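In what comes next, chain A is part of two complexes: it sits with chain B in the first one and with chain C in the second one.
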Partner chain A sequence: MQHGKYRFIAGFLAVPLAIYAVFVISPFVQAIYYSLTDWTGLSSDMKMVGFDNYARLLKDSVFWSAVGNSVTLLLLLPVVTLSLGLFFAFMLNVGGRRRKKAVIGGVRGSGTYKIVYFFPQVLSVPIVALLFQFAYNPESGALNALFKAIGLGQVQPDWLGDPQIALWCVMAAMVWANVGFYVVLFSAGMSSIPKDFYEAALLDGANRINTFFRITLPLLWDTVQTGWIYMGILALDVSAFAFVQIMSVGPGGPDYSTEVLPLYVYQKTFRDGQAGYATAIGVSLLIVTLIFSAIVMRLGRRERLEF
Partner chain B sequence: MGSTSEFNRRDLVKRAAALGIVAIPAMSVLTACAGAGGGGGDKVEKGTKSAKNPLAVNESAGLDVVIFDGGFGDKYAKAAQGEYTKAFPKAEGKVKLSSTQKIQSTLQPRFNGGNPPDLVDNSGAEQMDFGTLVSKDQLTDLTPLFDAPSIDDPSKKVRDTLRPGVLEMGQFGGKETWVLYYAYTVYGVWYSKGNLQKLDAEYPETWDDMLALCAKAKKRGIAGWTYPGKYPYYFPFSLYPFIAKIGGAEVLRRIDNLEPNAWHDPAVKDAFNAYYELYQKGYVLKGSPGLDHLQSQNAWAEGKALFIPNGSWVENESAKQIAKDPNFQLAVGPPSSLSSSDKMPYGTLWASGGEPYIVPKKGRNSEGGMELLRIMLGKKSSQNFIEQVSSLTSLDGGTEGITLPPGLASAQQVLKKAGGNIVNPRMQDWYVALQKEKIGVGAIGEMMAGRMTPDEAIKKIQKYADDTRADSSVTKYKR
Partner chain C sequence: MSAQTGPAGRPDATDSDTTNPGVTNPGVTNSDVTKAKPADAGRGGPANGAAGRPDTKSSEGGVLNVFSHGVLVIWGLLVAMPLLWAVVSSFKDDTEIFGSPWGLPSVLHFDNWSRAWDKANMGQYFLNSLIVVGGSLIGTMLLGAMAAYVLARFDFPGNRFLYFLFVGGMGFPVILALVPLFFVMKNMALLDTYHGLILVYIAYSLPFTVFFLSGFFKTLPTSVAEAALIDGASHTRIFFQVMLPMAKPGLISVGIFNFLGQWNQYLLPTVLNVGDPHKKMLTQGLVALAVSQGYKGDWSGLFAGLTIAMLPVLAAYIIFQRQVVAGLTAGALK
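On to the complex of A and B.
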């Protein structure tokens, strides 16, 4: 009977495991294999070169700029996006003035805000990137026009054209595009927090800041942590690639100030015909991702609250 | 009561791992198309050679053509395809022409799998690296095409009907010619005759006049120059021939050959200093460092700036904006003379081939691919191209009997004036990363935005060039 049971379980697992092996495990193994070759991407003729690609990586200054920028995005993007998301969600759900009957409520017009915040989520990434690119246009863009209109005609930055601020400009667009999703996610999380907790806190005389840090945030911690990982992945992969590729000077510039790892993978493969080297960069991106996940899991470890 | 959220920690660990895997999509894309092995390579039988069919094309074989669908579109190629089926009626319905902007991602799997198309317009942002294609033996030598009689005049070989320099561009250090550049581009300083007339000026033939004109324009609130700061590698379009004019074509040859200290030539320094002066004196349109090519061309077409470094495609690309000003009169000028001791005369010009066509070696019908090129290099297809996209082709002539749009007419004039003084720097074909990202964005762009002096820029470029020379993964060329 025992024997039959395992066969039964294996029967169910076989298909998903096979799919996982083909579409997830095998690309991993292949990628590591190709990163050890001099594959050009344009011919099946290639040979093993051992760890040459990795040795080259260590000496490649562009690669290190890309790592630096990717890590900057990885550290800052989640913090900024999630903080804003939490703040907005709190104001929409809990932070409003006290009204009769309801214990807690959002600021006036919170229903409308919720919809407005979600708008960017409906637009595709390239459109958001293009919109921001128009706004950043130093010659006729909205931002510099605004500065002129309010009497700051002397302050006319080059935005994306200035290596000091280019990465921040790209990051601002990414935050704008993503914050709405987290407002909705955190709103959903907050609505499942029992009202009597807030009632008790209010009776004890807690203000909004105390309510937020003592009640909302701890009870929302799991959601925040998930959001953190999502944002981290987004900062490292395709989304960062799309924004930088569309918006930045070069792309990746000026002077490599916005070069990120996924963009470098793309350039090495599709422009320079060095797919083997590009795969080595891809593998290093994997390592960065794994380190990030490990750190987040460790930092985020807390006692769960059951209620 | 439930939990704070629908996830528990174990789920989260799994999720994190799964997401980590998603995070390297580039790798799975790459691996999906690799290692498909040789295979393919079975060619169609050759046809019978005749006066009408000098390349011995199999008359009933299919033909597979992939066109880059960029500034020139694909209409001109479709017209040529029609000519092909007229010449080979048995191939009717078997000629497949597709167009894409993503040349490499579309064709990479086919090259790896050994079943590439018969003719490819390898152009655009996703151009496949020629050095790699040549070194991996993926291309057909086009010499039979160049030795075949031309379509209009059987007594002339195709090679004798081309514009000077086009054939050599397709060679990569050997005797074979791997690439045919179909379009013919004139690079230089593009301007509006109408806007210059408003300032009572003509195109300045000396740099002093250039500065004086810019000063005059500045007083009226017009900038002298603008450029696409997002792609500062447009500057070389007028800067490289300027260098050649000052120090001779030899300087550019040494730069192309990545010779040590090639960039420390005094001519380079003079040219850089002259351009830097444009920035220092405030003659460059404010905000240019943050503009892309279309934004800068729009500002220039609106008359906010007089000059822009560009190529002859600008007439087609900015046609709508230019048309808004009926008195615009687009024209192109060669680099102005810096001093009377310049090594080359005024008129020295950068003109060279664009739209590189290749015939992949493992394609099934290589003769057919070359035959289509032979048709395209005929007068009829050539004129069709000129009329449709207002750009010249590599066929020398072909403009008789058609009215050229103003920009193209001006390009034709400066070409005539240049005579033999045409330079053809090859950096942008040979070392794309070095030219665009390093020299363009990393140095010239920084200099023109005022964040680097000419000396610093030259030093940085020389280091980039030295690094490229030392990089064994980059194929090197000499000319």
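On to the complex of A and C.
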């Protein structure tokens, strides 16, 4: 019996564990090792160089602009996306005309709004990034055409070609792609808050803005915190890479104004043949990610509210 | 989270002074809600809470309603317009796209679509994505469910360690692993192959799948499996014939999550699948199309390609709307 149990456990775990170990665990471990070598990635020659790669990072100005842009995304993208998500979800759930039986109510047609808002979530990053790239096109893009049509013919920004605003243009696309998910997520959370909490607060003279900050937000805090971590990882990792790589000129330009850490890792490996140095950049990205998660966990620690 | 009511469940930490909903605060009289409420309002929830309240539409509610519909419609348009614009543009010719980006097409150019499907290889890319995602989705679900089941229902030394090994993969930046992964794949001759990509997709989907499904298996009752064990069924048979059918709702949620994640995957094929232009995934093919159209100037073909990539997913989403939303939000709500 016992023997059979262990054979069963081993049999079920062997294949998933092997695949996971070969393609996920071992690359992560190797990355730490390679970051201490001068490996080019082109040949199998390499020698240990200790912390030389990390010392070089400190003097690399492109690396620091990538850090700056990644941290900008990390700080702003979650705030903007989650705030818009909370705002629209609150409007959906509380903005309704008063009906006979409820003090607060959802707006009419909230289901339709949610279906439409969720569209970008099912589309791939390349689709969204290309759509925005067309919209930003300075000569024939939808945005500049719109400006002309409403009489703002002089205002014809270069959008992605202007180093001052290129990063904001990329960020706008990322916000657009992610708000809908949080509207739906927060909306589900809000509709599970008992209505008589609001009733009691309104009775006591609170206005709706007060009820949002005093009732809705505290009760949704766990979900907001989870969303914050998701958005932070998105801003640092794969999603930021894909948006910047597809949308920006260069990519990463103009003048490194949209360079982000994951893109720099990719370029150093596959464009410049400096795999050892690239993994050192990757390790620094890992450190930024861990610091971020630790801060969110620490700041977000509150008493869990049961209701 | 249960929706229980009553004073015990009230949010003490919200700083609001909602001590007893039955007592109206005499200091506040400017709100019509206060005046209209009978003294017992709120006690029994919204169903009978407002009984006897005169049906007055307060100006506050009305203004708020107009405002909320206003902002909601604006965001709805911001979301829908770019998608609609891409679909409309896919029927225009190039001069129309440049000359009047917001206008409607004078003639419906269906040839854009056939050009994108055949000449620009979108049809081939679509098929490639289907093959790879089909294989990896089956693999992910089967292997993920097997690992999750064992980790959730069996005690053995190292169980917790393996669980956290799997789940830990969710929080690490994938890009860090990508450089060594490229060389691992190269050494195993897996670069630019369907089966190589399938294996990698499975590996990177396992953390979330194991996390989600092991939580799900823990919630299932043990009695059915025990009864089957007494009847002499093997562990393997119990898994396939008892536990998997019982876990169907969880499997559907995580299956949709994985399908969309793998179908929309861009980073992994961009690094691991670049050798053979005919083996591109749909997402890669689209980006390659955008780059090559820059030289050829075939913008209408590009919009058609974009629409081809976009519409099936949107259509599937609209049909399975409820399940898709449940699947994608399942992870964040846990």
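Everything below uses one rule, namely that the second predicted complex is superposed on the first by the 277 of 307 C-alpha atoms of A that agree within 3 Å, B and C clash if a C-alpha of one lies under 4 Å from a C-alpha of the other, contacts with A are read in each partner's own complex, and residues count from 1 in each chain.
To be clear about the criterion, contacts are C-beta pairs under 8 Å (C-beta built on N, C-alpha and C of every residue); 3 or more make two chains touch, one makes a residue touch a chain.
Bear in mind the structure is a predicted one, so any value in this text is a computation, not a measurement.
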Give one of first, second, both or neither to describe whether A:267 is in contact with chain B, with chain C, with both, or with none. first
First (chain B), second (chain C), both or neither touched by A:180: second
Given the superposition on chain A, which partner contacts more residues in chain A: chain B or chain C? C
Could you say whether A:223 touches chain B, chain C, both of them, or neither, answering first, second, both or neither? both
Partner chain in contact with A:200 - chain B first, chain C second, else both or neither: second
Quick one: is A:192 in contact with chain B, with chain C, with both, or with neither? Answer first, second, both or neither. both
Have a look at where A:215 lands relative to chain B and chain C in the superposition and call it first, second, both or neither. second
Just checking: does A:78 make contact with chain B only, chain C only, both, or neither of them? Give me first, second, both or neither. neither
Note: overlapping chain A surface for chain B and chain C spans 23-24, 26-28, 30-31, 34, 41, 133, 139-140, 189, 192, 194, 219, 223, 226, 230, 233, 236-238, 262, 265-266, 269-270, 275, 278-279, 282-283, 285-286, 289, 293, 305-307
Complex contacts: residues of chain A adjacent to chain C: 4-6, 8-9, 11-13, 15-17, 19-20, 22-28, 30-31, 34, 41, 84, 87-88, 91-92, 95-98, 100-103, 107, 113-127, 130-135, 139-142, 145-146, 149, 176, 179-181, 184-185, 188-189, 192, 194-197, 199-208, 210-211, 214-215, 218-219, 223, 226-227, 230, 233, 236-238, 241-242, 245-246, 261-262, 265-266, 269-270, 275, 278-279, 282-283, 285-286, 289, 293, 302-303, 305-307
Which chain B residues qualify as touching chain A in the complex? 1-5, 7-9, 12-13, 15-17, 19-28, 30-32, 34-38, 104-105, 108, 111-114, 126-129, 131-133, 136-138, 229-232, 285-292, 295, 299, 304, 432-433, 436-437, 441-442, 445-446, 449, 451, 473-474
State the interface residues of chain A toward chain B in the complex, per the touch definition above. 23-24, 26-28, 30-31, 34, 38-45, 56, 133, 136-140, 144, 156, 158-163, 189, 192-194, 219-223, 225-226, 229-230, 233, 236-238, 248-250, 252-256, 262, 265-267, 269-275, 277-279, 282-283, 285-286, 289-290, 293, 296-297, 301, 304-307
